[in-house]
Structure formats: structure tokens, C-alpha cells
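Read from first to last, the chains carry the letters A, B, C, D, E and F; within each, the first residue is number 1.
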Amino acid sequence: MSGSAVPPSRAIFQPLLAAALAEDLGLAGDVTSEAVVPASATLRAEIVARTAGRVAGLTIGTAVFGMLDDGIGVEVRTADGEDAPAGSVLATVSGPARPILTGERTALNLIGRLSGIATATRAAVAAVAGTGARITGTRKTTPGMRALEHYAIRAGGGAGHRVGLFDAILVKDNHLDLAGGITAAVAAARKRAGHLMSIEVEVETLEQLGEALAAGAKIVMLDNMDSPTLRRAVEMTAGRAVLEASGGITPDRLAEVAATGVDVISLGWLTHSAPALDVGLDVS
Amino acid sequence: MSGSAVPPSRAIFQPLLAAALAEDLGLAGDVTSEAVVPASATLRAEIVARTAGRVAGLTIGTAVFGMLDDGIGVEVRTADGEDAPAGSVLATVSGPARPILTGERTALNLIGRLSGIATATRAAVAAVAGTGARITGTRKTTPGMRALEHYAIRAGGGAGHRVGLFDAILVKDNHLDLAGGITAAVAAARKRAGHLMSIEVEVETLEQLGEALAAGAKIVMLDNMDSPTLRRAVEMTAGRAVLEASGGITPDRLAEVAATGVDVISLGWLTHSAPALDVGLDVS
Amino acid sequence: MSGSAVPPSRAIFQPLLAAALAEDLGLAGDVTSEAVVPASATLRAEIVARTAGRVAGLTIGTAVFGMLDDGIGVEVRTADGEDAPAGSVLATVSGPARPILTGERTALNLIGRLSGIATATRAAVAAVAGTGARITGTRKTTPGMRALEHYAIRAGGGAGHRVGLFDAILVKDNHLDLAGGITAAVAAARKRAGHLMSIEVEVETLEQLGEALAAGAKIVMLDNMDSPTLRRAVEMTAGRAVLEASGGITPDRLAEVAATGVDVISLGWLTHSAPALDVGLDVS
Amino acid sequence: MSGSAVPPSRAIFQPLLAAALAEDLGLAGDVTSEAVVPASATLRAEIVARTAGRVAGLTIGTAVFGMLDDGIGVEVRTADGEDAPAGSVLATVSGPARPILTGERTALNLIGRLSGIATATRAAVAAVAGTGARITGTRKTTPGMRALEHYAIRAGGGAGHRVGLFDAILVKDNHLDLAGGITAAVAAARKRAGHLMSIEVEVETLEQLGEALAAGAKIVMLDNMDSPTLRRAVEMTAGRAVLEASGGITPDRLAEVAATGVDVISLGWLTHSAPALDVGLDVS
Amino acid sequence: MSGSAVPPSRAIFQPLLAAALAEDLGLAGDVTSEAVVPASATLRAEIVARTAGRVAGLTIGTAVFGMLDDGIGVEVRTADGEDAPAGSVLATVSGPARPILTGERTALNLIGRLSGIATATRAAVAAVAGTGARITGTRKTTPGMRALEHYAIRAGGGAGHRVGLFDAILVKDNHLDLAGGITAAVAAARKRAGHLMSIEVEVETLEQLGEALAAGAKIVMLDNMDSPTLRRAVEMTAGRAVLEASGGITPDRLAEVAATGVDVISLGWLTHSAPALDVGLDVS
Amino acid sequence: MSGSAVPPSRAIFQPLLAAALAEDLGLAGDVTSEAVVPASATLRAEIVARTAGRVAGLTIGTAVFGMLDDGIGVEVRTADGEDAPAGSVLATVSGPARPILTGERTALNLIGRLSGIATATRAAVAAVAGTGARITGTRKTTPGMRALEHYAIRAGGGAGHRVGLFDAILVKDNHLDLAGGITAAVAAARKRAGHLMSIEVEVETLEQLGEALAAGAKIVMLDNMDSPTLRRAVEMTAGRAVLEASGGITPDRLAEVAATGVDVISLGWLTHSAPALDVGLDVS
């Protein structure tokens, strides 16, 4: 249940951090620290989890300090993908006071948001423990944050889904009519996909599932089905395709859905509605 | 209780939309629509609120379609800052099918997130109705989304706070020790601030409040005080300063806090933890 | 043998065009046209294929004119993915003379390069006609041009490969030692990959192929094998995995390699060494 | 015959490298290395020329590793502008395995492409050895790569041409009609050019050459002339102008063209059609 | 009279420096240094004030050298906000000759421009010494340079004004008609402004001033008034509002305007028309 | 004496305008117009020259309005490069009031600054009328504004100089020592320069001029020479090279310097110290 937690390369997250910093600094910068904190002041502070949760984004969030000043030292105490009890110290930050206070909110916003997603994911993973179902997210992410939010899902123990519109074909209901039905859509998708691009088809009924399997679909999304229907879908498929349950699966339904035997459960609320983890910076 | 809802200039939000689109399209684009939707196909679709809520970001989110194709027509049916019942049509989109399906998720993610914030704000504003207290947000926003998230708060009927570190001085607890106390901090802040820059001081006790008022502070943040203390702070201040209650104010405490007579209540959870409004695109 | 030729969304290629234009215009712009062409001059010109070839990038390349002046009209005569005889008119451009001459080279450079790749691909596709083998490219592309170069391969009748390091797992020789061998690598890759991410393993010997198949690999790259070995690999695999022949496959070997029964042949030279198609702009 | 080989400032090439890396990493990064290579693994590898050629871009290409990880050490063994025999080690790279494998392809693509151009240039320079003719490139470069491709030409022993539309006036055939002929064009160009901006006029006949010389042109491009005509042009000019032969000069014609006495020979194929040099990364 | 001189964070000014460098280097770089300065040459140089003035931008301008080469050492001798006599050494720069000469002009242009503004501001501050008036700038700044130009004003001893359109409400004459007059405008502004956003109203007559004060305006700009009128405005206001004199206040009027008792005097010419300070780089 | 006034392509100036707008709008936008101007209000305004001057940047500056709203109409009344009397209308702007007021300052800042430079240049050109000397600028420009500032010089009747470090070789005093003297520097420069790149050498004495001429220099900068020395330099050169007088040439010395017979006079103060032209927006 521990999360896969290899943070993305700095070549990926530094532009995001730079944009986040620019948003907070504007062109006039941190006028408060400039006005009231002496240039020579130093401090030592701890980033603390005020409530318990699964940590994600600690390396990324604290990298903001190095972008502000080379003299700031950061020591990460809890690895991404680990569970932190309430009150635990996630990292320490020390050095010149002004740039530390300047970067504080940007760092905390990132860590809080990503840890919130990881914490929600971890709870979902726990709820399906003992079944073969994997938890994953969707493309219902915050604009500009998808890479980091998908990473937070992995830190929470979840699996990956499409990164965007570009890395897999996912034929949804709105496509099907335009494509001339499931069989035609699967054929068209195969023609476009190279040998490394996966194809998934969304179905809403068992009849559609039958058509998709007959068309040779290897991955099928079962949209908004109740648990008995999901169970019949699993039986009907009999291992011929990977089955993903999706659509309106609330936390209280997770165990039941997982018990139907589906392979993957995808949850939009992990990214669009999970509350942030409460993290703070305490000057010691 | 209706929200102030003048969307930001397109010069501001178009770069954000472009980044959000780039994230979803990558370099290979929407391979599904390319593969299964005929180039000549057209469609007409409705953006629908699946649950009731306060709308925000409709003009902004639907602008994504014009960035993809000049032939897409958008008709906004519900203005930002209005309340939409469940099932209501917020906007219609019509034109070539491929680019509409390509832009769908980016548009919905924006509208869903901003409307979620507006909806949460509207509930908070309703909870304090009849008092003089204004609801506002904080800098605990999603990295890269602050401008739009603060706009969503206004669409929900809330007021503005600092946009960033640059447009007001806000002396917080971590600054005070380094600054040599409240009196010194207020003096230093005044020296830096021009005649248009506001100065706010955060206090945690009534004693500190007294010191702040004596130092001439005109705006004071009352951090994490219980309601009786807030009430005494209001009495003690007697109109000499604007008072902002902040820190850990949950929805159920809102009415009580507002009743103490504070002028402003700031809520981090409006932006860091409000769930998205459920919006979808239905092809008609 | 006609190419799949849906050009990428303008949201993808416009930033590339803007960078290409900026490179040619610098900050002082087209001083020649400014100096010697009257502001009021207009012209009508044809983009012509000086030698025969498969066309790619025509919509993209000519989009540069609209970025320079709203008054320039472009009429595309040959669709991407079609074969153009020598001397044929690919498109016409008409309007104010200065901006047309300013954009000429940027447009031609793009069309020439992409059509050169499409032309080379088309020849490779023709060479394997009648076999089941598909032609594809690699990541050996020009820095900054991968999306467009992969598109040109599709316009030439080829198929897609990985877009980058992010959309599929491809375990190569340099990974294998570090991963502890094929079996361990396949297991590790499965743990990381979500249900939509494909996994391919590169092998250099039939023994390695056996280990990969035993580990359950579904896609295997056969690196630098001669045709008899490829044939034995096909027999040994017996349909259990998709087989990609790769590494040093020159044009003259294509038919022979395809005849071994491999599913995919990937060719780096389509992008790193194909000559540009000779295209020019003739003022009529 | 050794090449001028001062690499451009990092302020110039780092943005190009960052864009190239971003293209390969996307937002999800190098999922293969993340999945199968242990975080603690290190390696030592050699960048090797698999065939003989003139090296260019080694400093630039290997700079990609420092952008990924501060712990990677690079030792360049062959300077840009030098000739490398087949199998020779151009550079060594050592440090943490993951980021080295992540940067491998981006580095090799750059080095391979630039060295391919340098190698083609070197061959052209060799072909005209003993004459006074200098070899140069054109603006027929890969979009986004002109600065580096022109640098590769210099590393191959070639000379510079215009960098873009902005740094010299070059009146071509399409300009001449609009400008009212050669004499008018030269006069207009002189009026616009400051004292540091060169003016070149393209002519297609000896009659035009005569007009250009009479108009005082100091640099003339002789477009698509056969060798006898070029020879007569040289005689007719008698040192009054620098003469550049251009247009359709294939490798086999180079010696002959140079022997006519022209000062400069410009070759588009150095950049639009030269094959890449085959370079690889061998883990030792 | 010494200036407030905390330079903005490098996160703010580095993108500006990068753009300035890119403008001077283009894509071909510093061809002169490359051509005539040996790669191994080193130098030691001094940045010298050729005329006396108030220094600003020294840390920022010299940061350009570190962006070009890690081996360049910079020692700042005069802090921003200090007065430098003619001929004094502001900083020393030492290290590899090529990148120092490459960065010279970019560094000097920044230091010269910002010090010119600081010097003009300092003179204005001196002219009003002994009165309570503060000198400030306006939004009449050089496009792209506002943050640094406002910083230079502070280094000259001046105060801040609005940074942009976003951080304060300033109702000017062109707004008033559209808003329905002063009283309506003040009410509308209050509705939009949060508790930290200041509101200023511009008036042109004493009658308008009376209306503004009656409407509760706390900050009023007195536009283009002569000194007797300003004096009456001060009397009429009697401390109820901060008064800013603005519009056509030439250096020779400064003392007289300040003597009227206004709180703030804003001067557009500090940024749009102050001559640069003459600074140079002397190789020692 | 009228100026060359072909404005740069919008592909060049739009990014500069976008940056300037972003600086003024920040992320919260024009809060004043949003607050006090009704959404439906329209206006018609005139851009007026408050003092007489040479106009530059009118097309560029007013392009800002189209970036804010498609409904704004702009009519340019005075072409760049023309002289405008005090009070004359340069352009009219009409349409929705809010975006016009939002763009006002950005447009005026650009027009004022560029027209200020054009006006100063025009005066300098007038001062040398009747001589053969051309007036030009230098690289002492505002960071980020060089392209537009050099354009303003041309609009003022001046000529071009180097655009940056990349488009010509200019060997200055600091290079000479490192290069081993003038003769060596000229030789090294020739080796690097292609046939279109000009080479200029700076000299401070007549002896150096002699050495430069002997080395074959075709363009020589005479640095900081008094008029008698300049005259002797002209005689000594006798037409063998273009001579540029540079360094400390104040307006009152212009006629005298021009009379010495130099070909070019370059003036740093045109860009680093010319006051802006006073332009305003009057709502009619």
C-alpha cells in the first residue's frame, strides 16, 4: 500500500515552480519581508503536517527555496509516498530569513495540494485492499497541474491513466455516434495507433460490452454501471479484456465495486475534489 | 448575495488556457478524435450543471474552443455569478466535432473548478448574511490559478484579498520576531509602503491587538481566536481598524464568527479544499 | 499506401511556427522587403514541388502567412499524404507582397523537410508492400521537431512509435543490466505502468527473446538481427508478442526484413537522414 | 581545413536544449528509467562515433546532462571542429544512471545532426581545396535550429552567411520585379542599410550582372549558372564585387564551380539534406 | 535622503536579464569576441561612474555575468541607494575575457538607466527636503521595465505608487464621466475593493475635491493645479485625506509645490525622461 | 529629412506588447475600469501630441487595443516618420470603454518613448543637414526595447547600426589588447566573418587609424576625437574607409563634427537619454 514515489525530473517541475513563484511575487516581490525583516536575519523552520496524511510533493515544493537563494538549506525528513502522523516534521528549512518567508506559501500550497491527493488516494487504495483492483485517476485535474497531480496519485499508491489526449486512444460515448458505432471505432482506432499505443473503449451497457469484445477491444471502460452489472460484465469478459470501472464511484461504494472483479477503478474526485492536507511552516 | 463577476481580460487568461491545452494535447494531440471522428462531422452540445451551484469561469473556459478552431460557436446561457439549478444548460457549443471534443475536458476542468469555488463562497456568504462581515479568500490557492480562483470567489459574492506578496504588506507571526515586535514592524512597513499600499498586522492575542492599535495599525488580522475573544477584540478596537478574522474557521462556525462584529472573514478552504462543481458536456 | 494525414491542432504547431519565424526575423525583421518592395505591392505565387514526392506539412507551413498578415490568402491544392508529381502546384499564396516574401523561407523549410520525411517513408512502405510489416520511426528526430516529424511519417503511410520517454516503457540494453535482467525489468515495468501504458523490451539474441516471452512481454524489439535470426524469432514467438525489427535496417534490406514476418520495422533514418523535398515559391 | 569552432554562449543554446528535453520528457518523464533502474544505480558511458566524421555540437549536446542532474560528470575528448575516426570516443559521461539515460537521446540527436552537417561541410571544403572559394550555407535550415546548424557549418570549415532576414539585404529574383529592376533595388537598399549592413543582389544572367555592377553592387549572387557562365561572370566582374555561386550545386560539381574563380559557394543541402553522423552511447 | 534599496528577488529580475541578453546576442552571439579574443584570455575590469550620481541596479546588472559563465567573479563596491562621486569604482569584474566583454553592454545599459532614474529622484527628494512631501513615480515607465524602474525610484529615496492597474483603484478623469460622477465612482470602487485595496480619486477642481471628500475618499490626486490652489486644497482637506499633487510638475516647481503641504508629489519624468547615468567598463 | 518608417512585422512587436500589457495588468487586471465603468459604456478618444515632435510607434502602440478587444477601432492619422504640431491628433480610438482605458497607458508609454527618440534624432539630422554625414544610434538602448528604439531612430531620419553583438564585428578598445593589436584583430575578424558580415575597428588616435587602414579596414570608428583630429582623419583616409565619429558628441557639437567630413555620427543619447514626447488620450 506504499506509494510509488519517484518525483518527476527537475526539468519538468522547475517551470511549474517558476510560474507559481512569479504569480506570488509579481514584479514588486515580497514587500513585507523587504520592509520588516532585516537583510541579515536568518531562521530555521520546520514544515509540519498539522493533520495525518500521505505525503507527496515534498522534494518538489521545497525546491522553490533553492530558486530564491543559494544559501537556503533544505532537509527532507519524510519521503514522498510515506504516511506522516499529525504533528510530524516533514522537512526543515534554514538560512536567510527573507527568501525563506518569500517562498513559504508557494512551497506549502504545492505540498498541501499534492499530499491531499495522495491522502485521498491512499484511503481509496486501502478500501479495495485484498481485491485485485487498482485505483487510478482521470484527466479531471487542475489546469496546469496534471503531471504533479498524477504523480501524487502514484505517491498515494494509485496507478497511472492517460497523461493527456495524446498517449492513448480512449473512445468515449461522444465519439461513438460520430464514429459509426463500436465496431467501426475500434477498427479506426487500430488503424491510427502504432504498436505501442493502447486503445480503450467506453461502454454503458452489457450489449455494448459484447460488441466491444467481439470487435477485439482489449481494454474496456464500464461507465456508470451498478455493481451487479459490473459483476456480469466481469463474467462476460472472462479475462479477454482489462476492465475499468468509472463514473460516479463514491468512497463508500469502493469496496463493493472492487469486489465485482474489475481490474481498475478510476476516480475523478481524487484530483478535482480532494481537500488539501494541512501543512504549515513553524519557525523554531 | 449575487457575485461580482467581471471576468479578467483575455490578455490575462489566454496564456493560462494555452498552458492548460498544451498539457492535454502534448505534441501528438487528440489521437482519439483524429482516429475515430470524421473530419467533416459536426455536433451541437450543451454544457450542463449536473448539480446545482454558483457558476464561474464560463466565459473563460469556453474560450478554449475558439483557440482550437475559428468555426466553433459558443453561446453562454448563464452568466458568471448566477446560480444554476441542477440540470440547467450553462452554454451551448456547436461546430466541427473534432476540436469540440478536443477542448471538452480543458473547458470542463476550468468551469468545474471555478464554479466549485464560487459555490463554496456563495454558501459562506449566505451563512453570514445579515451581518456586516465580508467573506474573502487567502493566498492558499492552486499554483498557477490564483487570478482565476480569486475571481471565482468574487463570482461567489466574496471580496478580494492580497493578490500576492507584492500588493499589500501583511505582517504575520513569522515576521514579528524578526522585525523586533509589532511597533517596530508597523513603523518599518510604513516606511516602505507608498501612499496606496495597505498594511495589515496579524495578532494572536488581545494584548498584541492593543499594541497594534497603539502603533496606528489600520487593518488587523485576528488569528485563530475563539468567538468570545473576537467579540472583545471588536469592542476594544471600537472602529479604529478594520478587523479580519482568520484561521481555522469552519463552515459551521461562520455565523457565530460573523456575529462577533468582525469586518472580514478569510477562508483558505474556499480555494484549497472546495470540491469541483459537477459539469458535463452533452451532445444533443 | 496513402498516408494518414490529419495535421496536428494549430494549438500545437503555432508555437513552433512562431519560434521558426522569430529565428528568421530576429528583431529587425525582413530588411530586404522593407527596403526594396513598395508597401502597396501585391503578388500571387505558387508553392511548387520541383521534384516528385509525398507531401506533408502544407497546411502547417502555409499557416505562417496568416501569422504575418491577415490579408494573405492561401489555397492548398494538394492534401498532406498525397503524392505530387514534379512541377505540380501544391498551394497558391496571394496578397501583400512584403509579408509573403517574409514568410516564404520559413514556410518552404517546413514543407520541404516534412515532405522529405514523408517521401522517404512512402518509399519504405512501398518496399514492404504485400507483407504484414508496418513502417515506423524512432526518437532519432530533430530537436524541437518530433511532433511534426512523426506526423510526416504518418503522412508517408508509416505508423506511430513512442512520442517521447513518457508515453510507453521501452526497456533497452542499457537498462537491462541496471535492472537485473529481463525478467526483473518486465516485472518492474508492469508495476509502474498503468493499464494504458505499453511495455516493450529490447533483445539482442534469441535467448533473450525466450526470456522476454517467458516473462510475459507482449511487445519485443529485435535489435540488429540478421534476417535468418529474425525469421527464427518470428517462429519462436508464434504470435505471443508483437515483434519490432530495429537497428541498422537500410533501404535495400527492407523487403527482406519484412519477409521474415516481423510486425513492425522502425527506421531512424526516416528522420535523421532523409533529404528534404525540393519545393519553391514561384511568383506568377 | 580545420573548422572554426567556438560554440555559442550557453545563454543561446540552453533554451534550445530545454525545449528539446521538454519534448522528450513531456510531463510524465522517463518512465522506463523510473520503473526499471534503481535510484542508487550509477554508470559510466562513452559517446562514440560509430562512423568517421567531423565533430560538432559535443559541448552543446552534453550540456543536457547538467540540466538534468548536478551529479553527472562529462569529459569531452574531441573538440568541435576536429575529425573523429570510426569508433573513437568523443566524450565520457558518468554519474547517476537514471538522468544519464534520460538525457541520452536528446544529447545524441543534437550531436549526430550537427556532426552530420559538419561532416558534409568538411567534404565540400576538401573538394574546393586549392581554390580561393569559401563554402557556406543558406537559410534552408531546420526550423528552430539555424544558429546551431550554422555553427556546425563553421565547425566543418565553412563560412557564415546571413543569419536571418535581419542582418543583411539580399535582393532576390522575387524582389526585383517588385522593386523596379536591379538599379532601383540597389538604390533602395542603400537608402535603408546603415554603414554596417551588407547588400547582395541575386542575378541570373550576365546582363543582369552588368547592371548590378553598374549600379555599384559590391556582392552579387550568381544563381543557377553553369560553369562557363560563372567563369565569364568572374572575368566580367574583375574584382569589383564579391561573387557567390548558388543554386543546385551538387557535390560532384563543386571542384568545377570553385575553379571558375567565384569567391563563395553556398550550399543548401549542407543543412536540409545532410545525413546525421552515427553516434551512440556505450555503457562501459 | 538615502534610498530604500532592497533589490528585487532574482526570481523577478533574471527573466528580464535573460531577455536583454537574448536581444543583444541573437542566435549568433558575440562574433567579435569569438573572432578576436583568445579563448584563454582573462581580464579584470572596473565598472566606473563617469559622472556623479545615485547608484541603482548594480546587483541586478552585474548578475548578467553569472548567466554567461560560472567563472566570472563580481565584487560590488557601492551599494544601490548610495551616492557615487564621478570616477568612483562601482564594481569589479574578473575572469574569462570573452563572456565579460559579451555581457558588458547589457550590464551597463541596465545600471546606467536605473542609476539615471535614481539620480533624478534623489535630486527631486533633495528639492523637497524639510517638507513632509514624499516623491513618487507613475506608470509612465518603459515597457517591460516597470519593476526595475520603480525600484530605482526607491533607491533614489522616492516612494512607491501603483505597480500596475491591478493593485489599487485610481479613478481618473476619463473614468468619472462614464462612472456617473465622483460620488457614484467612489461607491462603486468601494464595492469592488477588498479591505486591502486602496482607492484614490483624481480631481481637477476644488469643487470636485469637496465632492470627493464628501463621498469619503481617503486618497485624492490633485491634477494639474497651481500652487495657490494646491494650498487651498490642503486647507480644505484638513487631514481627512492623503493628497497627491500630480501633472506637469517640473523640477523648478518642486519646492513650491511641496511647500503647499501636499503629502505626495508624483513625477512621470523620473522614468520617461531622466537621462541615463554615464557608466563604463574599464579594463585594468 | 523625413524618416524611414516601415514598422516591424507584428510577429516581432506583438510579444513585446504582450509583455508590456502583462506588466500593467498583472493577474487581477484593470480593477478601476472593472469597478467604475459600466460594461456597456463606449467611448471615442483621440491620441494627441501635447507638444510638437516627430512621430514613431503609432501603429505599434495602438495595436495594444486589438489585443484587448476585437471591438475597438483605431484610425491612425499621422504616419510614423511625420512631424506632428503640438495639439495635433495622431490617432482616434473608439469602442468599448473598459478595454480602451485598460490599454491607454501601455499604448501611450510606447508612443511617447519612441516618438521622443524620433524627435531627438530628427533634431540631430537637421543639425547636420547639408553635410554628407548620417546620424545613427548605438547599442546603448533600453533592455528589451532595442528593435523598437532603432526603428524610432529610422523614423527620425537616422540610419541603422549594429542590431546586436551578432550582426557585425566591431573591434573596440577592450578587444584590441587581447587581440594583439589592430593588424592581428583585423586579420582574425576577416577569418571569422562571412562575405556578408561587416567589420569595423575602433581607433582612438591617428596612428591607430593608419594601422587600421594599412590592415585593410573598410569601416573605422573614430572614438572621442576632437574636430581638428577628425578632419585630419578624413584627409588621411581619403575615401579608403567609411568613417564613424563616436563618443561624447553633444548636440551643440553636431554641426561641427559633421563638417569634418566623417560619414557617420553615432549618438548614444538618442536612446539612453532622450526625453519622451508628451502624448495623451483625450476622450471626446
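Observations
Note that in this section a contact is a pair of C-beta atoms (placed from the backbone, for glycine too) under 8 Å apart; a residue touches a chain by one contact, two chains touch by 3 or more.
Please read all numbers here as calculations on a predicted model, not as lab measurements.
Centroid distances built from C-alpha atoms place F farthest away from chain A. With centres defined by CA atoms alone, the chain at the far end from chain E is C. If you compare D-F with C-D, the chain pair joined by more contacting C-beta pairs is C-D. The geometric centre of chain A is 32 Å away from that of chain C, both derived from CA atoms.
With centres taken as mean Cα positions, chain D sits 51 Å from chain B. The centroid of the Cα atoms in chain D and the matching centroid in chain E are 44 Å apart. The set of chain B residues touching two or more other chains comprises 23, 25-30, 34, 102, 146-147, 160, 163-164, 166-168, 170, 191-193, 197. A complete topology is adopted by the chain contact network, contact being made between every pair of chains.
On chain F, the positions that touch chain C within their shared complex are 6, 8-12, 146-147, 150, 160, 163-164. Across the interface of their complex, chain F is touched by residues 18, 21-22, 25-30, 34, 39, 67-68, 99, 102 of chain C.
Chain E contributes residues 16-17, 19-20, 23-38, 41, 43, 45, 97, 101-102, 104-106, 108-110, 112-113, 116, 139-147, 163-172, 174-175, 177-179, 184-185, 188-189, 191-193, 197, 269, 272-273, 275-276, 281, 283 to its touches with chain F in the complex.
Those residues of chain D lying in contact with chain B across their complex are 23, 26-27. Residue ranges on chain F touching chain D, taken from their complex, read 4, 134, 136, 159-163, 166-168, 170, 191-198, 200, 219, 242, 244, 263-264.
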